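We just call them A, B, C and D in the order they show up, numbering each chain from 1.
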């Protein structure tokens, strides 16, 4: 038993140290990397507590996706654009400090009440084993007791996604939607590609035998003499 | 239509204007980059991966061939022309030699003209093979480049058999060829013509219907015909846009008017059309070579009749005093064409290659100007690249088919 | 705590890691010979018989190269990133079952390092961690090409991770477990289809998922035609442009180990792993993994590269809907099968 | 080279030779449609029309170059719509005034005819740029500026193209520019500069 406690303290210590690194690092990328380290240690603590699913979900969702996206944004933003990353105005600092204190108090209260009460929840290790493991336990709990919150969260995320799209590229969304409406198909091609470029219908078609199928739904016009297609190009007036 | 009075690099549509709120990334592509085909440098301004401005910077391989041409005798310049576009050296030789012959008013014998055509078409195929391989490699198709370079070896073998050199052949001479055609050469060329269509099918199997290839090339880098003409494009870049201008057809030099061949024209003007046009041109080149082989006389003179413009044949130099004297003068002093200026263009594999020579009557050209197709074609890159993505720029550099030796001269 | 089991697991992991390293070294040889074969060339054939010593020569060369750190690199991250990539790569192999169990020195030894009940998710988690080596290396190089490679890699891995995970949900529904050992056991039954006795491999019951997994796995390992992060003709070498010597070789090793691990997992998930006609065993697993490795090389020799937007479009517009459809159909079939519909 | 040598038998020119088939238009300047049209439209600017080797060259005044080329491009009967080449020749050794010739090669894709338009320009004078007419003139004029120092008025982006931006040794295709440059070339790693060779090869006069 002692060794597990030791491992726990080791992991917790590294996690806290890394969390401190998140706040203290000068470079935002270093902050993000510290956060990753912290998350991994938390995941390891989950493993020690025999909650493998939670651990893996933590890694996939937080480390594998969210922090990667944070890094993505950090790399896109030039560092000189972040003059107030550490400075900030006194008011902002004070508010941040207060909010941090409030969060700490809340977490402490939650932990303290729980350990003071000493009452485990309804999912004791025996109950978890009875349904076949903690994946099954989580699944049952989420999709029965917490069905409404889950659906509400899903809706919220969907709204957020659409909002983000419109905020990021309003003009592009319109453009893409128009293309999608017209084509009504999924195309790998470039949006300003061939699909939008049609030869004008009333063009004089090349004479028989001059068209040679060349593959890719294209044909080449084979000019035999130098007089052809000098006044009028082989595909007439183009339009973009 | 675009307002051409504006500076070229910034050709942006309304919503793509550079604003303060958008951050751009300036990326220096080249001069040492695997897919700029040498020492081209492109200064790209990117927003994410989208190109919002593109400024090609050239001159890293500038050797001053035009200045060198003003201090060498006419026959000494032929090797320099090899080194401008080193993947199609015989075509460069041909353009220069024809310009000098036009200046002097001489003409090579029929047999030499046929062999010049054969060699020029072989050079065209070799150049297109290099283009196809590198273009496909740029877009990521690894194997095609090795297939094309494998088949290019056959052409280089033919060159080697013909003149002893493989890359910078220094093949054409003013007035024809001074050395006899090796007897096994026609057989080699025939074998190549029999083999090569199969090789083209092999490349096409890998690329033409490949969905990724189509997605990468279709609709990318569209050049409308009127814009293509306005940008002075020539060669496959112009024909891919559907304008029929092939120097071999429009103003036949050598004996191209006796040959039956067709000029492929594109119908959309994008990267894919230029690809199709060049592949079809390789087929037409094979057709031309076969007809030339059928029509070429088995023997006959290869050098123009002796005047003081051409080097006398080797045997008579050794046997007659007069020719030895002429040979001496030709080699030491060179020959003096009449005063005047000529411009002669040939259809190089990349477009119209023109030589503009001004003669002041001395054995050294007063001015030799090389109108290289790649140099002129390359300036359409900013036009093609507007709104394209970073990966498209690579495809566009490939589709223009540049050789930096020829761009920078 | 069962110390003996821990030590056995550790030893097994050690052996596995070494086997992976050797396999990886010969994977480079295999790939070069195979690509050479595709391209009418000979490939490495000078170092030893059939060039078999070539990987060793390459290794010696890479290790003896100078380790260059660019002037404007983020030094610490630059030095750590390749190690991260390299350490995370073989972790996925720990959950692959290499056989049932053998008796050695009087002990029953299971031929897998660990059997955790979330093995497939664990594999996905390790895979998603692997992107850190790339993104941090690309960022820390202080080179714009590397940065672009890192950005591409980020977006690509996140998108294809999703497809990779969703393509496996059908299997989870059919087996009711996330454990690779359980999934393997589920495939050892026979499937009777119209009088034909077939192995119950998931490639037969989940063909769409197999295709999706294959595509996503190629993208996940940054191999052609999805090798955009390192696209050598656009981004020179992407995130490892600035790396040299053994740090470069770490990235190189990581890529090949990733390939092998993904092949092993794919063989276990879809082709019945160690299950085979005559005698079950690790040989079948290796043989099946080699089919995938061959496929990787084949793709590289044949296909051009996607463009970035096409790559993302493929993931989000084609593969993701297909994966969701697959899940839906599998779920309905399953419900119908247990009589709930 | 004696006179007899120059009288040496020149073979009879075959009619199918390229410069005999009319790709530069009629050989007589009085019959050439472009010459007639330009002379009628720009009587002051038109200077002369020369035919050599059946190539037609029109010489105009430099101020009118853009108008003449635009006229040739837009004339419904002429339609020289393709700017093949634009370059210059330094006439330092051949005449006194003006120093440079700007040479414009035009081609008509529909009519398959070439035409050469020339204008003389002195050092320090400017030539109207053709970029408003032909986008393809952009780099050609930049090269001309780079190599000869001819300034094209109205060019949107006139800077050096082949030589480095900070090149300060003048314009190398001028005839008074020595073949190996004005300055000694110091090879990196060597203390002494390579000796400069003055001028080019001795030029034999005709």
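What we mean here is this: a residue touches a chain if its C-beta (ideal position, glycine included) is under 8 Å from a C-beta of that chain, and two chains touch if they have at least 3 such contacts.
These numbers were taken from a predicted model, which means no experiment stands behind them.
Across the assembly, the chain pair joined by the most C-beta contact pairs is B-D. Note on chain placement: the centre of chain C and the centre of chain D lie 63 Å apart, centres being C-alpha means.
Chain A and chain B have Cα centroids lying 49 Å from one another.
Chain B and chain D have Cα centroids separated by 22 Å. Per-chain CA centroids place chain A at a distance of 60 Å from chain D. Shared contact sites, meaning residues of chain A that touch two or more other chains, fall at 76, 188, 190, 226, 230.
Touching of two or more other chains is recorded for residues 309-310 of chain C. Within chain D, residues 109, 112 each touch two or more of the remaining chains. Because contacts link the chains in a way that matches no line, ring, star or complete pattern, their graph is best described as other.
Residue ranges of chain B in contact with chain D, taken from their complex: 2, 4-9, 58-59, 62, 64, 66-67, 70-72, 102-103, 105-107, 227, 229-234, 243-245, 250-253, 257, 304-308, 326, 329, 333, 335-336, 339-345, 352, 354, 356, 358, 360-364, 366-367, 369, 371, 375-376, 378-380, 383, 408-409.
Contact residues on chain B toward chain C in their complex (touch as defined above): 25, 27-28, 33-35, 49, 136-143, 146-147, 150, 206-207, 210, 212-213, 215-216, 389-392, 394.
Residues 1, 74, 77, 116-118, 121-122, 124-125, 127-129, 131-132, 135-136, 139, 147, 150-151, 154-155, 157-158, 161, 165, 178, 309-310, 313-314, 317-318 of chain C are the ones that touch chain A when the two sit in their complex. Contacts from chain A toward chain D in the complex involve residues 226, 230-231.
Contact residues of chain A toward chain C in the complex are 3, 27, 29-30, 33, 36, 52-53, 56-57, 59-60, 63-65, 68-69, 71-72, 75-76, 133, 135, 186, 188, 190.
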